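Each of the next two complexes has chain A plus one more chain, namely chain B in the first and chain C in the second.
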Partner chain A sequence: MFANFRQAMAWVHTWFGLVLGFVLMAAFFFGSLSVFDREIDRWAVPETRFPAQPMPSFDQVLWPVYQQLRAHPLDMAATARRVEGEIPHPDTLPLVSLYAYTTHRDPVLQIGGEFAIPNKPLDASDDHQHVHGWASIDPRSGTYLSQDKLQIGSEFFYPMHYSLHFHWQDLGYWIVALAGLVMLVALVSGVVMHRKLFRELFTFRPHKRTQRSVLDLHNLTGVVALPFHFFFAFTGLVIFAGIYFPLGETMLEPLAKQHQVLEAERTGLPHEPAGEAAPMASVDAMVVEAKRRWDLRGMPGEVGYLFMDHLGDANGYVSIYRAGNDQVALVGQGVHFKASTGEVLREDPPPTPVFAINEFLTGLHLQHFKHWLLRWLYVFGGLAGCVCIATGFVFFVEKRKKQLAGHSARLIRWVDALAVTTVTGMVVATLAILVANRLLPADLPARGLWEERIFWYSWLVMLAHALWRSKAVASGLISPAWREQSWLVVLLAVSAVLFNWIGTGDHLVKTLNDGYWPVAGVDLFLLACALVAACAAKILRRREGLQQPLSPRNSGLQDNLEVARG
Partner chain B sequence: MGDVVLLLLAALSCHSGAVWLALAIRAHWRQVTGESAPDAATVRMLRILGAAALLVGLVLCLWADAPSMAVLVWIMYLALFAFITAFTLAWRPQVLKLWLPGFRPRSPLS
Partner chain C sequence: MEPTALGIALRTLASLLGGYAFLWGASSLGIAGLVALGMAYEEARTLCMLLAFLLYLIIFLWVWATHHFVRACVILVAGAGLFSAMAVVLQQQLTAGV
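Our next item is the complex of A and B:
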């Protein structure tokens, strides 16, 4: 079928890249935004615009907060589908385990817990007898944040990055995984196809014809950021390996269960409750003891993750983990206490090599560490990935513009329209949700849901617009949709900054003066985005003016001219 | 986050490394100097300088942060400065003459 290996690789690269490139584009773009998810949250939920807070006192603040925590309606509904009978009212369900998680960038605290249910599962092998509750709270006062307020960064852009918000049968995870796998394949096949990887490492010729300069940019962004692309596609797969290879819940389930029991014996952290009630000692005192132990190890720090199991039971225990500000791993150096007495059950030894490698791989992707430079470098890597994929689409279209007949014309019109939708259209949708966030009434019921709807609908409208304007592509021209959507990006980005000013009074002069970077940074980034889009629109206008439509008669002539120009 | 000065020096070092490695390539040497090709000794010198500068960049990164973090910063620096170098070559190649101090174009007769 193929004359040589390189041609075979070119086929794989072109067609797999084209089909899954659209998904990859979303993964890279929303991944890049997720690097600053907490900062986007501050922009989107103005009442949380206060400095990052350490883990609050458990005895004073958190314990009363957990008394008010209830099973989440979403998980109640999901659990109801896999158990017999009706689940009792959430107010009556006992909390059996709880957690709290924070990082150096979080003013609000994420909390959650598991509530025991008496219902039998429909599937006898399903032993997950819990419903989950979760919430964000203000750690200064212990008040709950309204669930109607969407934290756009961490609750919308970030899950979009790995699940596309496509939850039916977890299909979103699988599609993104397939795209991640294809990314790895595209990197390898791309390197095989590239004839002059080293000689053209620094080559970008913007003044040559579009097809050439676009290919240069595709190669440049692909090759210089190759380690980044490779590691992020790979570690993304590693993070969800448990979903993609659920061996512990399928073939190896008995072994996995036995492992948990043995692990509990080894660590002294009880696997099962004892069945007798017990009071709880002061958790604040346990935190003091954990911090003392970290100091002794020469690694002083704050609490990042707090976990308690078997609440109110004699076997209850409390695990306190150090926040990973200064390390790649998210958290570490766990110290575990007996909940009823406060005695230390165990102090985690340094992780084994396998565990440490896993922590490094997942940690480098999830980046909860404190390193603002590296954070920006990741944004650069992610956006380089977006440019690489987008130029791949443009190259695909440019290369085929000269062979316009029948199926081919229809194919490239679709590819071009989808490229417009996933490049400028995706930015428009992203800006639309931010503008909606500032414009929708503050007390609108299900406000977050409306914001999400506006995101999806505006994206659909961009697809319709791109398809409608794609006729030009069939004549070998640039689709005007690129330029028109670029202008829409300018309009929306500037509006978002203005509406933030009008609605909250936090304009750039104020936020920069106060050094409040989460909001100043988002505003500056929006303005930079507007500037880039305006430049792009102007260049597109000029290029459109220079082009002559191709007719079947003069296309041959055009080809000859291209050959003559070399 | 590590020492800002060290990370800036590491950035400068990695940038220089990328520029020298680029100048060792004939097409880019021509863009920057206007000469057709560097001689073999110059190419060797540029490659050694480039590799050394990248290595110094790594050492500075390791000095600034814990090794696990430093490696990530360095790899991202390589990508960023290769990219910046390529863009400078595309639009302002003469700027890169800064990395060739004391360079005199050969006279056409020699």
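Our next item is the complex of A and C:
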């Protein structure tokens, strides 16, 4: 179909990159924001603006907290579709397993658990007979954080970057996966397309024509951050491999089940409950023992993850994992106890090479360890990815602006409008949810849902605006939507900072003075965003003034040569 | 040479679905094979998934670049069926008597 390898790669790069680029923008942008998800949470939920807390006492604080935990309405509804009959009232469902997870950046503690249900599954092979409950609590007092309060960083931006909040049939995950694969494809094909890769790496001509300088910037951000982009797209796929290749739940289910039984025998951690009730020994004493063992290994640490299975059963066990502040793996060095007696069942050996590689790759992607410089590099690496994708769109449009005919005029108007929507429009939507978060009444029922709606609606409005203003593109001009939405970014970013000040009293002078970086950092970043957007708007204004509408025939030899290069 | 709409549709299907089906079979066989050689299931699965996504990239590019498109399709489809069947047979032997 193609004359040679390079041409095939150029075609794949252009068209797959274009179509999936819009998804990739969201994955890279919200992924970059997720690097500071916990900090954005503090900004968005002011009652959680206190220092990070260690895992609290289980016996004193957490056990009473778990007594109040109930199955989440969302999972009740999802499970109801998978089982026969009606699920009993959440108050009557017994908690059979529980977990708590915290990191060095968490003032609030994430908890959750599984509740047993008596219902039979509709699909006999579905052996997941549980409904899940989850919540965030204040570990100092054990009080629950209202589910109406949306932790925008970890509950909205973070899942956005891998699921697009599109949960029907997990389709969002699949679309992002396809985009992830296309990112890998675009990186390899992009390198193949360029003969003089090394020279182009150092080429940036910002004062040349838009098309030239945009291509330079595309190559620069693509090549300089290439290992970074490759790593994140690849590990993103690996993290959700279980969703993308559900072999253990389908074709290889017998083998996976056999493994579970063998694994339970090997580790001594029962896979099934015994069916007889048993009391629970002090979990705090188990934590002391686990910490003593970590000390002995020369790696003292705090508890990052606590898990208990078969609660109240003679086979019940407690797993205590060390927080991964100082290692790439999220948590590690698990010590497991018999719940009824507190005796040690097992201490995890060091991971095998395969698991160690997997932990390293996924841990480096998720970055729950403590390294603030690397954290910032992630943000800028991610934003470089956004620049690379966005300049790809702009180059696509600029290259075709010179040879407009009826059909392609419509195409590039759409591409330009979608580019506006996924660049400035996405930033507008992101800022809109932050502004909404500060402006909606504190006790509004389903407050979080309204914040999410405002995010989606404002994004939709930006798309409509971009389409409406795209007529200029068909005359070879810059769409004014870019500039107008940039000004909206300035307005919203500054408003968010102001409303945070008015609503909470935590203005920058105060937060900087107190060294309270989660809120100071978000505010500073918002102001930086406003500044960049204002500069962009001004440059766009100037460029718009310099341009003359082109007639469709006005294409030079130079441009044709560049088209040939892809 | 301008790519045709049909050619693009076929290569898109072959590179994404064909590649997926091939990797489904290859990963299954890889996992079953490694388990047969004594590796734990979870470890085998992790290793095969790490390799599967890299292989997916290679298969995708190969399908788009090759001049022998039909041959590529045959390899993907036949590989998917053959590897899956072999994985199921191997699994039956591994789990027999459990």
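Keep in mind that, in the parts below, the second predicted complex is superposed on the first by the 550 of 566 C-alpha atoms of A that agree within 3 Å, B and C clash if a C-alpha of one lies under 4 Å from a C-alpha of the other, contacts with A are read in each partner's own complex, and residues count from 1 in each chain.
Here, contacts are C-beta pairs under 8 Å (C-beta built on N, C-alpha and C of every residue); 3 or more make two chains touch, one makes a residue touch a chain.
Keep in mind the model is a prediction, meaning the values are calculated, not measured.
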item	value
Partner chain(s) touched by A:L373 [first = chain B, second = chain C, both, neither]	first
Chain B versus chain C as contact partner of A:F245, first or second or both or neither	second
Chain B versus chain C as contact partner of A:V224, first or second or both or neither	first
Chain B versus chain C as contact partner of A:F360, first or second or both or neither	first
Touched partner set for A:Y158, first chain B, second chain C, both or neither	neither
Which superposed partner A:D326 touches (first chain B, second chain C, both, neither)	first
Doubly contacted residues of chain A, that is, touched by chain B and again by chain C	none
Contact set on chain C toward chain A in their complex	1, 3-4, 7-8, 11, 16, 23-24, 27-28, 31-32, 35, 40-43, 45-47, 49-50, 52-54, 56-57, 60-61, 64-65, 69, 84, 87-88, 91-92, 94-95, 98
Touching residues on chain A, where the partner in the complex is chain B	199, 201-206, 220-221, 224-228, 326-328, 360, 364, 369-374, 377-378, 380-381, 384
Chain B residues touching chain A - in the complex, by the definition given at the top	1-2, 7, 18, 21-22, 25, 27-28, 65-66, 68-69, 72-73, 75-80, 82-83, 85-87, 89-91
Footprint of chain C on chain A - complex, ascending	1-3, 5, 8-9, 11-12, 178, 181, 184-185, 188-189, 234, 237-238, 241, 245, 247-248, 251-252, 254-256, 258-259, 261-263, 352, 354-355, 357-358, 361
